[in-house]
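Both of the next two complexes hold chain A, though its partner changes from chain B to chain C.
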Partner chain A sequence: MERIFVTLLFLATSCLYAQKYTTKTGVVKFEASVPSFEEIAGENKTASAALDTATGDMAVLALMKGFRFKVALMEEHFNENYVESDKYPKATFKGKVTGLDVAKLTATGGSYTVSGDLTLHGKTKKVSDSAKISKSGDKIVVTGEFEVTPAEFDIEIPAVVSKKVADKVKITYSFTLAK
Partner chain B sequence: MKKKLTITLAVVLVLGAAAAYVYYGVLYKEGRNIAQEAATHTLPAAKLVETYTTNQQQADSLYLNKTIEVQGVVTAAQDSVLTVAGSVFCSFDQLPDRASLNKTVTIKGRCIGFDELFGEVKLDQCTIKP
Partner chain C sequence: MKQLLLAAALVFSAYTHAQDDLLSELDSTTVEDTYATAAFKGLQVVTLQSTKMPAQNEWYFVVSHRFGTVKNGIDEFFGLDAATTKIGGVYGITKWLSVSASRHTLLKVYEGSVKYRLARQSDAFPVDIVGYNTVDINTFLEKEDYPRIEFADRLTYISQLLISRKVSDNLSLELVPSYVHKNLYNPAIENDSQFALGAGGRMKLTKRLSLNLEYAHNFDKPDFYKNPLSVGLDIETGGHVFQLLFTNSQAMTEGGYLTNAAGDWGDGDFFFGFNLYRVF
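Now for the complex of A and B:
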């Protein structure tokens, strides 16, 4: 009951904040391919993101089960052995865009520093990158990429496959946010 | 002589079959086909959301990664997404029929978890049950 109330309260406040831009179909990709070995990549097309343009606060949530792979076995290993998605079903990011001014956003876009906490596999790490933010019509488009290592999030890559999995995992994201 | 040849042939065949099995059956096996799977749970969309908002861990243990069917009114339709009962987010691999908007439907999909940002339960690889 209390949780329902909190959810309602959250919804009510988010309605009041007209500066909030959101999407439920954000794209988050990760790639850990090593040249000349099989491509290791997954894509999540149903990530949620919210950007408060008044404060620059940004929140992203990607459900781990939502990452899809070309190879079914790879998806199985990702879920069961690496990110343990039954135990840790989501990855979240909570952070801030520095110096965001909606009035100054252009169609070609500019670079902004996005920094905050990335939580996945039960571990939280500070991440920071340079995102490209542009405005197209009444929508705000945020794209960027950064690198993390599996070790930072306590994800162990077995020695047998460690040559085929890159040390640095590249994460790219693209959010088309609407009011 | 002939016997030797038969044995060699048999060995080659068995090895070939084993290699093919490992290749197609293990390494490159087909993924799940949610549209073909039978649902493990069938429930009203509102009940699914209620279960998640009351106790996420328990709801995850019941529904996460399972093929489920939810019933409810389609409250929003946008691109490949239908929203049922305001808070079950159903994403489709094939564009869903927009005519289902405001109608009561049964949607089958894989439950991928709860999104606290919007207070929604998300399903992927959805199909509308006729």
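Now for the complex of A and C:
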């Protein structure tokens, strides 16, 4: 009896463990374009993300050098002068989905509040947004968007280009997570 | 005893669970790309080529000027009256191969070149290595003056290896072994084949401003001409790179620059100029 109890307990623990959904091909985009000027946007298709459906914990990691731009020179400027990728190679998010119940997830999806710490260019800020989370088959899809300003992360926009770079940078994300 | 062991095991298992941080787990499985970016921001250090390559399908429009010598002062407006121009384009075929063509007013030279990356600096390799080959066609030589001239006589070939290292965020250094072969030369003051070793560097002053310096030692050059020494300032404004410079070699082709430097820094005999790049 005792032995069965112990086994069950360990099983329960490892079960908790297995409530984790991950991806290595998450998409994170940002856009700081100003109408009538050159498009300023980058897309990273190799972000990794993880969601623990038991606790609602969520984490995202994107390498700065993984952002691709339409104009190669813009990508170079982005890495060298704006986000300083050699010094700060990653952007990370560590947070929580409030009220997530995996059993109630549907294919059409529902809105959930995601909040946590976004770390970028060596600075950490609290961010919060409403994410759409859906489940089809054994995959959970999390999408959403929020805005940040370069100043919050000590990213300097020089005066000569300040008119061409939007004050608010829109960040959108889409993760298709699997067990 | 059994009870104790069970309790310990459970505490331990709960403990490891709490330590299980999602982010550090992602972190441990992410592989970073360690290639050094942007050792140089311009395609040229000053006049020598840098190890920077255009990206695939990227067009560069290039306009460069070297004014006349500043030595004659206000009379020639510090060289403005004798300005020479290079106009051309560079195209990136792939991210490791580019071609360029340009026309120089000095000696009416047409220049064609190919630039190809052989190695990139990363955690696994210490330097960037780029090959650069150029053919210059001198169309200044008139048939009337040289009745027996053939097309081959107009040609100069230059082969260079560009080896650079981004030493720190602010400092990049480059070595440029070069071989120049001229089909037509004046044996009284020149050799047809010349080997030169160039060295250059970039020191960033601010994020968008850098001070560049380069020098080349020509080993096969009789005393008539000098070795080229140039200093420049890179100014970067988004889609443009401006390079303002002073040099004692007015020619902008590699062949002329490395072998025919006529100015002398010591005598105040040098040239003002600039390179302007626009990226499309």
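The criterion applied here is as follows: the second predicted complex is superposed on the first by the 163 of 179 C-alpha atoms of A that agree within 3 Å, B and C clash if a C-alpha of one lies under 4 Å from a C-alpha of the other, contacts with A are read in each partner's own complex, and residues count from 1 in each chain.
In this text, a contact is a pair of C-beta atoms (placed from the backbone, for glycine too) under 8 Å apart; a residue touches a chain by one contact, two chains touch by 3 or more.
None of the values given here were measured: they were computed from a predicted structure.
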item: Fit or clash between chain C and chain B when superposed on chain A; value: clash
item: Contacts of A:81 with chain B and chain C, given as first, second, both or neither; value: second
item: First (chain B), second (chain C), both or neither touched by A:48; value: both
item: Touching partner for A:25 - first (chain B), second (chain C), both, neither; value: first
item: Which superposed partner A:135 touches (first chain B, second chain C, both, neither); value: neither
item: Which of chain B and chain C A:57 touches, first, second, both or neither; value: second
item: First (chain B), second (chain C), both or neither touched by A:158; value: second
item: First, second, both or neither for A:94, with chain B first and chain C second; value: second
item: Chain B versus chain C as contact partner of A:72, first or second or both or neither; value: both
item: Which partner reaches more residues of chain A (counting touched residues only), chain B or chain C; value: C
item: Among 40-48, 58-66, 76-84 or 130-138 on chain C, the segment whose C-alpha atoms clash with chain B after superposition; value: 58-66
item: Chain B and chain C contact sites that coincide on chain A, given as residue numbers; value: 10, 22, 24, 48-50, 59, 61, 63, 65-66, 71-73, 79, 85-86, 89-90
item: Chain C partner contacts - residues on chain A that touch it in the complex; value: 2, 6, 9-10, 13, 16-17, 20, 22, 24, 38, 48-50, 52, 57-61, 63, 65-66, 71-73, 76-77, 79-81, 85-87, 89-90, 92, 94, 156, 158, 160-161, 164
item: Chain A contact footprint on chain B (complex, rising order); value: 26-32, 53-54, 60, 64-65, 79-81, 89, 91, 110, 112-120, 122, 124
item: Parts of chain A lying in touch with chain B, wherever the complex brings them together; value: 3-4, 7, 10-11, 22, 24-25, 45-46, 48-50, 59, 61, 63-66, 71-73, 75, 79, 85-86, 89-90
item: Sites on chain C touched by chain A in the complex; value: 2, 6, 9-10, 13-14, 17, 20-23, 25-27, 29-30, 32-33, 36-38, 41, 54-56, 58, 169, 207-208, 236-239, 279
